[in-house]
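One chain, subunit A, appears in both complexes that follow, with subunit B as partner in the first and subunit C in the second.
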Partner chain A sequence: MAVDNVSMQIDRGEVLGVVGESGAGKSMTGAAIIGLLEAPGRIAEGEILFEGQRIDTLSDDELRVIRGRQIGAIFQDPLTSLNPLHTVGRQIIDTIVTHLKLSQRQARARALELLQEVGIPAAKERIDHYPHQFSGGMRQRVVIALALCADPKLIIADEPTTALDVSIQAQIIALLRKLCDEHGTAIMLITHDMGVIAETADRVAVMYAGRVGEIGPVADIIHKPKLPYTVGLMGSIPSITTEVDELAQIDGAMPRLNAVPPGCRFHPRCAHAFERCHIDLPELIKAGSSEVACWLYDEKKPGKGPSVSRKETARKKKASAKAAEALPLVKVDGLKQYFDVSPPWLTRVLERSGRQIVKAVDDLEFTINRGETFGLVGESGCGKSTVARAIVGLYTPTAGTITYMPGENGGATAKERVAEFDDKIQMIFQDPHASLNPRWKVADVISESIPEDRVSADRVAELLRQVGLADADGEKYPHEFSGGQRQRISIARALGGEPEFLICDEPTSALDVSVQAQILNLMVDLQRRLGLTYLFISHDLAVVHHISTRVGVMYLGRLVEWAETERLFANPQHPYTRLLLQSVPDLSKIGMRRAPMAGEVPNPLDPPSGCAFHPRCPFVQDRCLSERPMSIEVDGTHVACHAVEEGRV
Partner chain B sequence: MVAFILSRVLQAFIVMLGVAMIAFSLFNYVGDPISNLVGIQTSAEKREQLRESLGLNDPAPVQFARFISRTVQFEFGISYQQKRSVSSIIAERMPATLELSFVSALLALFIGIPMGVYTALNRNSWLSHAMLSLSLVGVSLPTFLIGIMLIFVFAVQLHALPSFGRGQVVDLGFWTTGFLTASGLKALIMPSITLALFQMTLIMRLVRSEMLEVLRTDYIKFARARGLTRRTVNFGYALMNTLVPVITITGLQLGSIIAFAIITETVFQWPGMGLMFIQAIAEVDIPVMSTYLMLIACFFVIINLIVDLLYYFVDPRLRVDRGW
Partner chain C sequence: MSEVQIPDTSPARPGLLRQIWQSDLAHSFRQSKVTVVAGIISFGFVFIALFAPWIAPSNPYDMTGISVLNAFLPPVWMEGGDSRFLLGTDSVGRDILSTIMYGSRISLGVGVAAVFFAATLGISLGLISGYIGGRTDAAIMRVAEIQLSFPDILIALLIDGIIRSILGPGTHGNIAFIVVISAISLAYWVQFARTVRSTTMVEKGKEYVQAARVAGKSPGYIMFKHLLPNVMGPVLVIATINLALAIVTEATLSFLGVGLPPTQPSLGTLIRVGNDFLFSGEWWITIFPGITLAIMGLSVNLLGDWLRDALNPKLR
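Right after this comes the complex of A and B.
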């Protein structure tokens, strides 16, 4: 049973957010509404009413007429949502003529209108293009146009922005809200991202292990959550506006749906659980303006519910003060990493095209001090992972030097450095499923990283305990662990050689928020105990804000700004940083409407001249088009921008 | 586009050169050409003289160059056994094989694809299960067994169809065809089914698995969520996308229909190139063997080229420039 006794109501024109971690049954609920449950899934019990009409009992053909016409849908990945063999125009027209009595010509005119409405530039030409000719953000716009093309009354949007970059995500959310306001369309917004919900939804339903745990107005859910799970969830979300020492942590993971515990499904992880929670399954009961399924709010047990606590402490201040005194550990100087992506020579000769070089990293300069966490943020394709790979020695830099411990070892080249400091530098990757050898026992995975003369069962057990796993876990295989536990194994493996410096490339991006909080807390804890230095790479500004002492912002292979975390987030200098920070959906921005950053990241094969950001920059002047800005220091912030330099911002 | 075709043609050329080298080396390494030409009584001097006059003492590259230049002029030498030029033997045998292969390919495609689509769309119907079980038979039974069984039932027991040969053929001058006479068509039935059966089941299974894959994709889910009709989703969206990868495999399979007609031709004594090849092997007829080798390679290369081009036309992702 994947979804159990879920009841919710969406009013006309309303945005209902449905949140929950992966496997909570959010998408399943959405699919059930439009009758797209995949076999062997079926609706075993309950009913779905649409405008008073029961729709779950309709035949497939009757339901088909409702799909698209009355209820539209948007899915997560715009790259795979469109048929690659048809032009976008044809796909829209197909859908229009299915539902509306229009001729091909009229349908085409309407398709064109729709494309213009969702903000596709040069829609007249673009209508005859194939999906692969559009960028991810543009494709999601096309998907929205497709969902809206018969003017449905409800749209089920399943993670509509998850696959997109922050600035594009903000554009899509704004667009979705605007269109639905104009057309009076209701939205069921399914997402795991509370920030998106905070900004978009009117009401929120929190799902856990196939059930609705709490449902209520968005402000109440975020500021006054009642269900202990929601409380923990809110506390575990890092924010760009508040500073906390440690994220609230819900231990454990959501139960698999074939092994749900008796009683309240959350009780094994709940700090407030009492006897009744172990036995009886709670139903939704009224509590203030919300409804919550928790025995704590039952009349028979009046008690004070849990509350969100965000303790402010001075961890980072201390750390950054210490780091400022410390010696630099890694110095990156003039790093360039180019990749040749030219087509074969015959094509080049015939089409008279030159070599194509992607400047993945172009002239990068920064230092990482001992004991600090240097955060590197940027949108996809900005070159942040390339930096990580260059530092760890997976690439030989095209130009520039990376120096490890510059004070003690003057200017070693990348290759020498790797040989000498092999054990001192380790890396943690994004996908914990792909980065562990599935055929090796965990103990073998970990002992591989320990220098040969020191390998022992005790050492492996010690490492496992260090990352919060049990000694016995060493005898298991990676597939027996959840995503979060696997990331712990990756960390244990990285710690095997007693490194000083860990490069973490999106270490929490594949994890759910509550698990992400566990991993982030673990990393902070390890840093404190082992005196580690981190290079933390992520696209998630909130996570970087939470964990880093200093932050660098990358755009198209260049570092546009770097400064201490607090300074950068409180007082951003570069226009890109400012816009990026504005784009981040955050819990504090309930119902906020804003103008998102325009444009998209340009093609790295053909970057704009001068300052790469100039096509999207509101402060652009002639100089930005021709001259590349150099990094200058303003009040401790390193920033590369003509406008800042000239005091125009 | 031009670059794409040119590079493919270039690749094809290199492949053909490689094959020609193997065909050429057959002459020198499979038996001695002189002993194949002359009788036992010929003296050693005579043999040496013949060797010299045929240029067999020249260095290998020179001989190879000569071989290539003759080959491109369609001069493949004289068959050791039949004492006729190989090109005329081939010209005589080729229509039989090509007609048989053509009919088999049509059968395989026009029965295999619909069956694959049906079994993918109606995964749980009894008919699908029946087709899948039957297809296992098609895949696992050797061709010659099927051929012999067909002969036993339809020729020996029922006397409905001829058990061997092409029947009456019409000579069009450059081509002999069995399509124009009733006996010719009748003779085609059993060999073509025998030859098609394996490919048919293979294509069916391939189409089925590809289509099931496609039906699981997001764009199909999204198309259904938009309320498009079942027909549009299944045929306009799913089938089209299924065919993209199917084209490649199917193309290669058609090549192997021609190449592996050998067994079927032997079973039915079909006077095609496969039968000719079997006889040539039995008699160590090197010129025939080497020519057949090059011809089949040539078919494969041409079919591959066509498949690549088709791919290019079906899939817009290869056709148009990426991104903006």
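Right after this comes the complex of A and C.
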């Protein structure tokens, strides 16, 4: 049973957010409404009413009339939800003609209107383009236009922004919100991202292990959550506005849907559980403006609900206090990393084309101090992972030097990096499913990084305990663990050689928020105990804000701004940093309406001249088009921008 | 592979055997009747090959045991058949059934050895090619592509001819095995190399390989400790299908007279020798080895097909 006894209601013109961690049954609920459940899935019980009409019992043919005409759908991946063999115009026109009695000519006019409405520039020409000629964000707009074809009354949007970068995500969110307001369309927004929900939804349903745990107005859910799970979930989400020393942590992981515990499904992880929770399954109970499925709110036992413990403490334990005695550990100087993506020699000769070089990292300069966490943020393709790989030695830099421990015995540059530093610099990878060899036992995986003369069962057990796993886990294979536990194994492996410097490339972006909080807390804890230095790479500003002492912002292979975390988030200088901070969906932005900055990241094969950001920059002047800005220091912030330099911002 | 295909019900090691019996692979094996039959027949051939000297009615190559008086006896169910010779006898009075059993032993042996060497060569070159890339990759793959543009049997004939001319005609009898095995394995390594190369290129991009590189491990270590276990799935499939091909190729070479000599006859040699008598009425001398070869090739091939489907997640 994937989804059990889920009841929710969406009103006209309302955005209902459905949140939950992966495997909670969010998408299944959405699929059930549009009748897209795949065998062996079926609706075993319950009913779905659409405008008072029961639709779950309709035949396929009857349902098809409603689907598309009355209910539209937007899926996560804009790459696969469009047919690559037809022009976008063709696809939209076909859908229109299927549902509305319009001629081809009228349908085309309507398609054009729709494309303009969803914000596709030069829609007249773009209508005859194929999906691959659009960028990800533009493709998602086309998908939205497709869903809007017949002016449906309800749109099911399943993770519509998850595959997109923050600045694009903000554009799509604003678009959905606008459609909802202007057309009175109801939207069921399914996502795992609370920030997106906070900004878009009117009401929120929190799902856990196939059931609705809590449902209520967005502000209540975020600020006054009642269900212990929601409380934990909200506490585990890092925010760009509040500072906490440690994220709230829900131990364990959500049960698999084929092995749900008896009673309340959350009770094994719940700090407030009492006997009744072990036996009886709670139904939704009215509590204030929300409904909660929790026995704590049952009349017979009016318990006092848990409260959000967002400790807004000063970061005294954070390494920033040590700034005075900052010792550089890694110094990156003029780093360039180019990749030759030219076609083969014969093709180049025949087509008379030159070599094509991607400047993944172009002239980068920064230092990381001992004991700090340097956060590196940027949108996908900006070159942040390349920096990580160059520092750890997986790539040989095209130009520039990476110096480890400058000043101490002269340091060592990347090219002459020798075995003695191999143990000192380690890396944690993004995908916990690909970073462990599936055919190796965990103990063997961890032993790999331990220097050969020190490998022992005791050392492996010690490492396992350090990351919160049991000694016996060493004898298991990676597939027996959940994503969060695998990431712990990955961290244990990185710690094997007793490193001083850990490079973390998106270590939490493949994890659910509650698990992300566990890993982030573990990393902070390890840093304190072992005196580690981190280079933390992420596209998630909130996570970087939470964990970093200093932050660098990358755009198209260059570092546009870097400063101490508080300074950068409170007082951003570079226009791109401002754009990012403004775009990022955050818990604090409930119901915020805004006009997000337009434009997308240019093709790195053909970057704009001068300042790479100038096509999207509101402060652009002639100088930005021709001259590449050099980094200057303003109030302790390093920023590379002509406008800031000239005081125009 | 046979321990996966043939579930042994003896309670010697119930834990492991039960695990094998209940695995996905064993389940899909049991689901397909054709595969079960092919598995049983293949196992039968392996059994015959291993124990031919003990289970064959007579030793056809023991000159003292055969008599020309028994030559050209038809199979037992025909007029003039002799109950000692179930499938009849050949031109010098050898029992056809026994020659087939000994012939299967040789055919299967040559096939397994050829596939083993082809796989070893192909996997090594594929790993190197896929992991190191660049010019090394280009060099290995160009050789492979050139070889692919010739029919396998032609390559085997060519290699056979070259080895023979180098070694001279006199030594031939003793080293015929080695010649045939190397000719076949050199003709079949390409498929292994190409498959292993493409799988390696996928696997080497995964983060566990990068983690090993960050830990300072050598390319050789990464190739054999990390990549090899992860590329073995498709190799197993090709090995099974190529085993059938190798058996048939060996039979073809022997049939053409460049394979194994009549003193150590494989099924192919038996078919060639018997071929001379086909039109003089003694059809059984060539037909029975021919049927045996067909059944052997077919059952191994069916096993290979099943394995390919069973290991391919897309077809599950």
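What we mean here is this: the second predicted complex is superposed on the first by the 627 of 649 C-alpha atoms of A that agree within 3 Å, B and C clash if a C-alpha of one lies under 4 Å from a C-alpha of the other, contacts with A are read in each partner's own complex, and residues count from 1 in each chain.
Operating definition for what follows: a residue touches a chain if its C-beta (ideal position, glycine included) is under 8 Å from a C-beta of that chain, and two chains touch if they have at least 3 such contacts.
Everything numeric in this text was worked out from a predicted model, so none of it was measured.
Once the two complexes are overlaid on the shared chain, A:42 sits clear of subunit B and of subunit C alike.
After overlaying the two complexes on the shared chain, residue contacts for A:346 are found with subunit B alone; subunit C is out of touch. In the superposition on chain A, A:146 makes contact with subunit B only, while subunit C stays out of contact range. By the touch criterion defined above, A:529 reaches neither subunit B nor subunit C. Of the two partners subunit B and subunit C, more residues of subunit A are touched by B. Looking at the shared chain after the overlay, A:101 reaches neither subunit B nor subunit C.
Touch criterion met: A:430 reaches subunit C, while subunit B stays clear of it. According to the touch criterion, subunit A has no shared surface contacted by subunit B in one complex and subunit C in the other. In the complex of the two chains, the subunit A residues touching subunit B come out as 34, 36, 60, 64-69, 72-73, 75-77, 80-86, 91, 94-95, 98-99, 129-130, 132-135, 143, 146-147, 149-150, 156, 343-344, 346-347, 349-351, 603. On the side of subunit C, the complex with subunit A involves touching residues 206-208, 210-217, 226, 229-230. Chain contact summary for the complex, subunit B toward subunit A: residues 2-4, 6-7, 10, 217-219, 221-230, 232, 236-237, 240-241, 244, 314-317, 320-324. Interface residues of subunit A facing subunit C in the complex, by the touch rule stated above, are 389, 392-394, 419, 422-423, 425-427, 429-431, 434-440, 445, 448-449, 490, 493, 496-497.
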